[in-house]
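Chains: A, B, C and D, in written order; residue numbering restarts at 1 for each.
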Amino acid sequence: MSHAASAPPSGPVPFARENSLKLLKDMLRIRRMEEKCAELYGAAKIRGFLHLYIGEEAVATGAMHALARGDNVVATYREHGHALLKGVPMERIMAEMFGKKEGCSRGRGGSMHLFDAHARFYGGNAIVGGGLPLAVGFALAAKLRGEERLTACFFGEGAMAEGAFHESVNLAALWKLPVAFFCENNLYAMGTAIERSESQTDLAVKAASYGIEAFAVDGMDVVACYEGARRARERVMAGGGPVFVEFRTYRFRAHSMFDPELYREKAEVEEWKKRGPIHTFTARLKEQGHLTEERFLDIDSQVAAEVERAVAFAEAGDWEPVEDLTKDVYAP
Amino acid sequence: MTITYREALRQGLREALAGDPRVFLVGEDVGRYGGTYAVSKGLLEEFGPERVRDAPLSELAFVGAGIGAALGGMKPIVEVMTVNFSLLPLDQIVNTAAILRHMSGGQFAVPLVIRMATGAGRQLAAQHSHSFEGWYAHVPGLKIVAPATIDDAHGMLGAALAEDNPVLVFEYPALFETAGDLSSTPVDIAHAAVRRQGTRVTIVAYGGCVPKALSAAEKLAAEGINAEVVDLRVLRPLDMDTVLASVRKTRRAVIVDEGWRSGSLSAEIVARIMEQAFYDLDAPVARVCREEVPIPYPKHLEEAALPQPEKIVAAARGLFQ
Amino acid sequence: MSHAASAPPSGPVPFARENSLKLLKDMLRIRRMEEKCAELYGAAKIRGFLHLYIGEEAVATGAMHALARGDNVVATYREHGHALLKGVPMERIMAEMFGKKEGCSRGRGGSMHLFDAHARFYGGNAIVGGGLPLAVGFALAAKLRGEERLTACFFGEGAMAEGAFHESVNLAALWKLPVAFFCENNLYAMGTAIERSESQTDLAVKAASYGIEAFAVDGMDVVACYEGARRARERVMAGGGPVFVEFRTYRFRAHSMFDPELYREKAEVEEWKKRGPIHTFTARLKEQGHLTEERFLDIDSQVAAEVERAVAFAEAGDWEPVEDLTKDVYAP
Amino acid sequence: MTITYREALRQGLREALAGDPRVFLVGEDVGRYGGTYAVSKGLLEEFGPERVRDAPLSELAFVGAGIGAALGGMKPIVEVMTVNFSLLPLDQIVNTAAILRHMSGGQFAVPLVIRMATGAGRQLAAQHSHSFEGWYAHVPGLKIVAPATIDDAHGMLGAALAEDNPVLVFEYPALFETAGDLSSTPVDIAHAAVRRQGTRVTIVAYGGCVPKALSAAEKLAAEGINAEVVDLRVLRPLDMDTVLASVRKTRRAVIVDEGWRSGSLSAEIVARIMEQAFYDLDAPVARVCREEVPIPYPKHLEEAALPQPEKIVAAARGLFQ
């Protein structure tokens, strides 16, 4: 599979202006929040593993905008953006990364384990492929309960080699469950390039072999991501069973904070950065007359303020007392 | 009413399905085949294919789906055909079902029951004769129960479903044909039970080894040693109060475990007795476990590899020498 | 997927007469051996689980004739026929089923666990899908050692739903390993019909999604089975990586000795029996003038004698002494 | 020569690859990434992609493939990135690697080494902080080793490869930065080792808890309690001779285990001491284990959940009251 980036997304954006700006702002919210996280990691405020989504924001943003409020989302350890846009308040995400009890998982999960029952955001799973069976189960429950509810499951292309992927998609297809499999193909699983991980690198072809609808979209283009997710949701909700979407994207940063990036060329990264989802979308909106530099700076500073508030909230949070260590453990 | 252990399990399942529309049963061959051990026989016909759901061979996915369905508002009963196959979905059980409630800060419960057949004794050889109850009992966040009686075979499932958290129910094919009275007393899943009163030695057992312990106790009685038999019933969390009360009375104990000796649940019982009743002991606690060997197919070797009443008798007798 | 049997195999057999008779005899050897096993199970000489291959003999027979002596075979718990034709002496198989120490696994394995290092027969695996990763490893070893050796892996269609299938085929395809995946599709996994087990019931299509060659053959026709396996072996040995073959067959007997067969109609079984691999092949050979009834009876009585010898050998065998219980256990 | 534990592991690997053409390393990101913990860094460049083989995310298949390759005449070293992911291939390890030699009547050996990182302490939260060494030590047919020193980190791999049977080597990221002298003495994988001589209490530990035990011993010394520290080194089969010799001398013992207390390896050690040295004890054996909780992310809670020198000191002190 070629790792070369194709031409950057361009052309007019087919959404109303305020919608477009909302998409832009949400991408920025993820970006700025994570840039801050990287900084805080350096300052040892955030610890453990931290996997940044920087470069891939169009995917979660497009997809979340296509989902309904009552839909379920299951994601991975690279899930800050998904959590945020599914409705988990940024301050509770930030508090979680700090390990404070005001965090969305009471501080116990950290970066890889964001949860929010209210937002129907179900993790945050550090086992690659671990969320897939779970998502199938959510969809089964929705079907059995007669609920009009999609379950969207995000996972990386690396997870597709796991047995969990195979078993889960087969089960969902057999039982015609309302689940959307959203594969974030960023070409690498840690240091393993997709061509060393998948014998069939055309992932939609692979997924289609389960007898389900499957297609790929440009994961650097928030418009394409939105359209793809919307189409998937529509098809799934029509009752025909699961749909698979490959979002072709790229991770700009290291896999986690411990990654010397020996496995890819700087030039490749630079090439992909030219397709960065935020600046290309910004350029398109400007070209279209939907956005001025001033308005952009205004949005960006609103986002910066939200990030500052989130950090302040996290800073001000409390540590869970040691006495509560085994609270919520069933059958300890 | 006299029924078999198998029929008691079946009735427990039937009542669970009839009693709550959120309950459904899923697993390999639970429906059209009638259940590998006929435990779910007739339930497909009664409750239909949505609620008695045949799953393909994909243990990881359907156990994980059970967890997801539990989170999504259902009360799934997942059957993993036998404990031998439960290593395949173990990651989902350990890394999701057991962890989720704590790791989410208490936001989620996982009202899930996983049933599986366990144990050796039917000449099924090494890959089909495991006893991993002890492994599961290691994991905080799971409750583990092991019905050894007709009442428990019938009642533990309902008690498990009432818990709103993941409970694993181990079923013992070695006991499926045993018959007895089904009482109408409800069972808890919190306590061990004294199955035979005695004074001179405590025999602790669970699941398929309970009848062996009782049979050993009869033999010991003939030798003038009056043994008390404690059925653990709940393997996690352990009801040590019942065990310790008995040991403090008898001052001697033999722990019986169908798992391999090293690192079996029996070791934990011994360790806790050491920690909590050391000064009450008149002799070191003894163990009768599976020999450290993959279970061989021939009957004489399988029998030699497993706990037997004679070995329990010998171990108990040894405490008086 | 239709469970209906198509027309029985017919027409001239494209092999020399002696070859044809050898195929016939080998199918009979499996059949008669297993009929005897069923009888011995009734007499409690054989215990535990016993899974008969009756009805499916064309598959193992065709396939084993296409393999070379030095090839490896990995099979399932329904492996008596595979073991026999890979060269495990019938008497050692029978002794194994009796649990005698003269058995090919010293009596420790029984019906589900036949092994023979000399014959390169590697089980006998009672975990569905468990043999697949193992076979990939054998193929990897052969490749790394530069050996001209195929590894043939047999498994049922039910196993294809397991993650082990997915991971193994992907690995073999990625690493271009010399392994042939031989799927014995007998339409049922215990009581689960293929359409409740696979969302894509055309198994060759499914397998092809790994980017490997895959095709189906009539598993009731020993000629087609031989040709299919030969073609697969040729392709694999040419170095292009694994090949998948679906053998469409049917199990005439119950799944194991404990199976009330509630899940299928008697009529379906009867329909398939018309395509029985032995009598249809016999008929073709007779029609072709390759076989007379007399010769058939002669062959059959040779086989019967072999079975009798095997039973006598097993009867005369010894039990492993209890003192040897933990012999061969590493780190007991 | 002073090197780190990580570098000792790396050199052990390098020597294994250089010393036998049948040896190869396979696992996720062992090659191009340079190893998750940089343990295999530079080996791809030195030995090429056939012998330092990156595998896709498919633990079940590549561990099983390692077993097959071992049977096929190679000597694979399979890296499962961390013990947390080893539940996925557990079936292959338990139902094939461990069983095959016995079940085939002794026809096959499985000359396979599986390496994995284990343990908590780096704020990786519940799914990435397991310690399942005790589970593996339950299984006959496997040898389990846990290097706690520079020499063992370097030498245990070679010793494992010499065994012709499946050996699991657990590596401790918590120790990766520790540095020390690499001696040229070869190490065995048969014996426990006394890491500190003492007279009044025996502290038994393994892996990442050994330095904690040693640190506790120093603190105890300051209080006038001279503790002996036994490093188990080999978790299966257990070298009880060394443990019992020490306990018979000191008459008191504390067992330290990073696994959850219930059903941990520590229980087995306690049970064996009960069985074999009951009359030599002056006090019940104590345990210091992981608390019964999924490991939480925040540092203060993670520390509270794990064995610490202070807890070991307190437990030892308690034996004298």
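Quick note on the criterion: a contact is a pair of C-beta atoms (placed from the backbone, for glycine too) under 8 Å apart; a residue touches a chain by one contact, two chains touch by 3 or more.
In this text the structure is predicted, and so the values were computed from the model without any measurement.
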item	value
Shared chain contacts [subunit A and subunit B, defined touch]	C, D
Chain separated most widely from subunit D, comparing mean CA positions	C
Chain centre separation in whole Å, for subunit D relative to subunit C (CA means)	41
Rounded Å distance, subunit A centre to subunit D centre (Cα mean)	36
Subunit B and subunit D, separation of their C-alpha mean positions in angstrom	30
Centroid distance [mean C-alpha coordinates] between subunit C and subunit A, Å	46
Residues of subunit D engaged with two or more neighbouring chains	56, 58, 60-61, 84-85, 88, 91, 95, 102-103, 125-127, 140-141, 236-237, 292-294, 296
In subunit A, residues with contacts to at least two other chains	107-109, 113, 125, 127, 130, 161-164, 166-167, 170, 174, 196-198, 326, 329, 332
Graph class of chain-chain contacts, one of line, ring, star, complete, other	complete
In the complex with subunit B, residue positions of subunit A that touch it	72, 74, 101, 103-109, 113, 115-117, 122-123, 125, 127, 130, 132-142, 144-145, 151, 163-164, 166-168, 170-171, 174, 326-332
Subunit A contact footprint on subunit B (complex, rising order)	24, 50, 55-56, 58, 60-74, 76, 91-92, 95-96, 101-108, 140-144, 163, 165-166, 236-237
Contact set on subunit C toward subunit A in their complex	161-167, 169-170, 173-174, 196-200, 205-206, 208-212
Subunit A-touching residues of subunit D, taken from the complex the two chains share	28-29, 31-34, 36, 54, 56-61, 84-85, 88, 122-128, 291-294, 296-301, 304-305
Residue ranges of subunit D touching subunit B (in the complex, touch as defined)	84-85, 87-88, 90-91, 94-95, 98-99, 102-103, 125-127, 130, 134-135, 137-141, 236-238, 259-260, 262-268, 270-271, 273-275, 278-279, 281, 283-287, 292-294, 296
